[in-house]
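Going by the order they are written in, the chains are A, B and C; count residues from 1 in each one.
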Amino acid sequence: MRFLRIAWLVLRKDVAIELRSYEILSTTLFFAVACVAIFSFAFVREGQAPVDAAAGILWIAIAFSGTLALGRTFERERYGETLKALLLAPAPRPAIYLGKLLGIVALLFATEVIVVPMVAFLFSAPFFSRPGLLVALLGLGTIGYAAVGTLFAAMLVRARTRDVMLPILLYPITIPVIIAGVRGTSALLASPVDEPVAMLWIGLLSFFDVVFVTLSLWTFEPLMTE
Amino acid sequence: MSFDFDRVELSDLSRHFGRRKAVARVSLSLSAGDILGLLGPNGAGKSTLLGMLATLVAPTSGRVTYGGVNASERGQEIRARIGVLAHELHLYPELTARQNLEFFASLHGLADGTMVQTALESAALGDRGEDQVASFSRGMRQRLALERCLLHRPRLVLLDEPFTGLDDRAVRIVADRIRRIASEGAIVVLATHDLDVADGLITRMAVVRAGKLLTDAAIGSGVRQQYRALVESA
Amino acid sequence: MVMRKLFVPMLVITAAMFAYSPIAIANAPYESTMRLVQKIFYYHFPAWMALTVSVTVCTVASAVYLFKGNARADRIAAAAAEITVIFGLFGLVSGSLWGRKAWGVWWQWDARLTMAFLLELIFFGYILVRNYGGPGAEKLAAAMGIFGGATAPFVYKSVDWWRTVHPKTSVMTTLGETSPQMWYVVWFCTFTILLFMGLLLAARIRLEEQRATLDRLYLEAED
C-alpha cells in the first residue's frame, strides 16, 4: 500500500508541475505533429499515401516525441537534483520509478489523444473501426516503450551525455514494441480488419510489458545507487 | 518512531571512480549532538562522503552503520531518519513553497498542515507560502530547503555548503537553526569550505583532502588557524 | 589460473582445427541448389552459435554485476559484449554474401538478418554507453546488457512474424538425415568457432583484469 501511495504522490506531483505550465505536453505534442508532417512528405505520392504508411508514421511520431518527453521530464528532476531527494524518501525505491512511469504514460496518452485523430484525418485511415483493439495497441505499446524509457532516462540523469545516450539505448531495445505497434495498427487498417493478426501483436505487447516493467522495477534500485 | 539511532560509524570507507579516489579509507564516529565540520578544498571528496552517508552512493569498500545497522538491511527506515540539504536545493521551482513542503512531508508519511506552516515560519516565509519557488531569491530558497530537509525531524542531518549565497543575517539564522537541532539530539555533518562560518558553529572538525581524512578533533573556535596549520603541514 | 595454463594448449588445438576446417569443408559434398555458396554456411552457422553464447554470457554477467557488485562479472560482461559485436558483424557479412546468391540482393529484410542487425545495434549501444557514459557507466552498460538479452526473444518473435524468408531452423535437423557428412562438418566448424570464441573471451577478460590491476596499483601508489 505504501508502495502505491508513494507512486501516486510522485505522479500527482508531476501532474501538478505540468499543469502549471503545460510545457512538456505542448512541446511534445508540437514535436509529434512535426514528425507526422515530415514523414508525410516521405510517403505521400500524388496526394495519396499508401494505407500502411499511417500506422508507421503514427508510431514513429509516438516514439520520437516520447524521447523528448522523457528527456524533459527527467531534466526537471535533475535541475535542483530533486531525483536524489526522491531517492532519499523512506520508501521502496521502485515506487519512485512507478510514479515517474505513470507520469510519462499519462503524458504520452494525452499526446496520442490529439495525434491519432490527426493521422486518421490526414491519411483517411480508418483507425477507429475497432476502437477497443486500437486502445489496447496504443495503451500496451505506450506502456512498454515508456517502461524502458523511464528506467533509462532515470539512470542517464547522472551521465553528461544523456541527451544522445537516451535514443541510442532506447530505440534498439524497444524495436519489438514499434514493430508490434505498427503491424498491429496496420492490421486494423486492412479491409476487412484483420482481427486475429491484431490480437497476435496485442499478445506480444502484453508479454513485453510484463517482462520489462518487472525487470525495470527489479533493477531500479541497484541502477540508481551510484 | 520505530527505528532510530544515536551513533553513525564510518569504518574504513572508500569510494573510487576508476583511478580517482574520491574517498580513501575514512573512519569516523558520530554521535548525537555533534556538529561535525567537514572541511577541505573543492574536490576533496566531501560530497561523495555525504552521498555515502545519505545511502545514495555505494562505497567501493568499507561500510557505514547507523546505530549498528547497515543501510543495505534497513534502507527505508534509515532514510526516514536522514535529512539532506545539498548545494542543489532539492526543490521544485515550478511549485509553491507550500506545495514543495507538503509533497516531501507526504513522501515521509507526514500529513500535518500545521507542521508545514511551522516550517514556513521557521524559514521566515510565513506569508510567501503560496508563491512559486521560482520567484524566490537564493537566500529564501536556501532557508526553505533547510526547513524541507528538517521537516521529518531527521536524526542525521547532512548539509553540503548550506551557506552559499546567503547574506550575513541569513547565515546567522541558519547557523542558529543548526545549533538548535544539534542541541535537540541531531547528528549534523556540515561540509563547507567557508571557514569563517564554520568557526564557532562546529563542535568537531574533520579535514579531508584528496579523499583522505587528515584530522578529526573536537574544536570550539579558531578553526581557521588550526586548518591552516594542518593543511600547510600536510 | 586454470584459464591461463590452458590458454596456450587450447590455442594450438583451435589453430589446428581451424587449419583443418577448410579441408573438411572442401571435402563435404556439394549442396544441389546452392552449389559453392552453400559452403558459407559452415562458418555462418557457427558464428551465430558463438553470438548466442556471448549474448547469454553478457546478460548473465551484467545481472551478476548489478546485483552482487562483482567487478569481475562486469569485466566478463564487457568482454562478451565486444565479442558479440564481432561475431554479429561476421554473421551479417556472411549472411549478406549468402543472400546475394540465394535471393539476388545483398540485403533482405529477412527475419533473422533483421534480428541480427538489431542485436548488433543493442550491443554496439552497450559499448558506446560504456565508453561515453562518464563515471559510473559500468552500471548503465549493465542495464543495457540485461535489457539487451531480455529483449532478444521479443526481437526474434516480432521480426519472425513481421517477415520470414530465412531457411528454417529445420535445416539443421534434416541435415543430419539427408547428408550426415555435411552435418558432421557443420558441427566440427561450430565447435572450432566456439573454442575460438572462448579463447577470445578469455584473452579479452585477461586484458580487462590487467587494466583493473593497473588501476589498483595506481591507487596504491598514491598512498
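Following the convention adopted for this analysis, a contact is a pair of C-beta atoms (placed from the backbone, for glycine too) under 8 Å apart; a residue touches a chain by one contact, two chains touch by 3 or more.
Everything quoted here is computed from the prediction, not taken from an experiment.
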Category of the chain touch graph - line, ring, star, complete, other: complete
Chain whose Cα centroid lies nearest the overall Cα centroid: A
Chain pair, A-B or B-C, that carries the greater number of C-beta contacts: A-B
Chain A and chain C: spacing of chain centres that average the CA atoms, whole Å: 32
Rounded Å distance, chain A centre to chain B centre (Cα mean): 37
Distance from chain C to chain B - Cα centre to Cα centre, in angstrom: 49
For chain A, residues contacting two or more additional chains: 226
Set of chain C residues in contact with two or more other chains: 136
Numbers and ranges of chain B residues touching at least 2 other chains: 58
Chain A partner contacts - residues on chain B that touch it in the complex: 51, 54-58, 76-77, 79-80, 82, 84, 86, 88-95, 99, 103-104, 106-109, 132
List of chain A residues in touch with chain C within their complex: 148, 151-152, 155-156, 158-161, 165, 168-169, 171-173, 175-176, 179-180, 183, 200-201, 204, 207-208, 211-212, 215, 219, 222-223, 226
Partner chain B, residues of chain C touching it in the complex: 69, 135-136, 215, 218-219, 222-223
Residues of chain A touching chain B in the complex: 2, 6, 9, 13, 16-17, 20-21, 76, 79-82, 84-92, 225-226
Sites on chain C touched by chain A in the complex: 66-67, 118, 121-122, 125, 128-129, 132-134, 136-137, 139-140, 142-144, 146-148, 150-151, 154-155, 157-159, 161-162
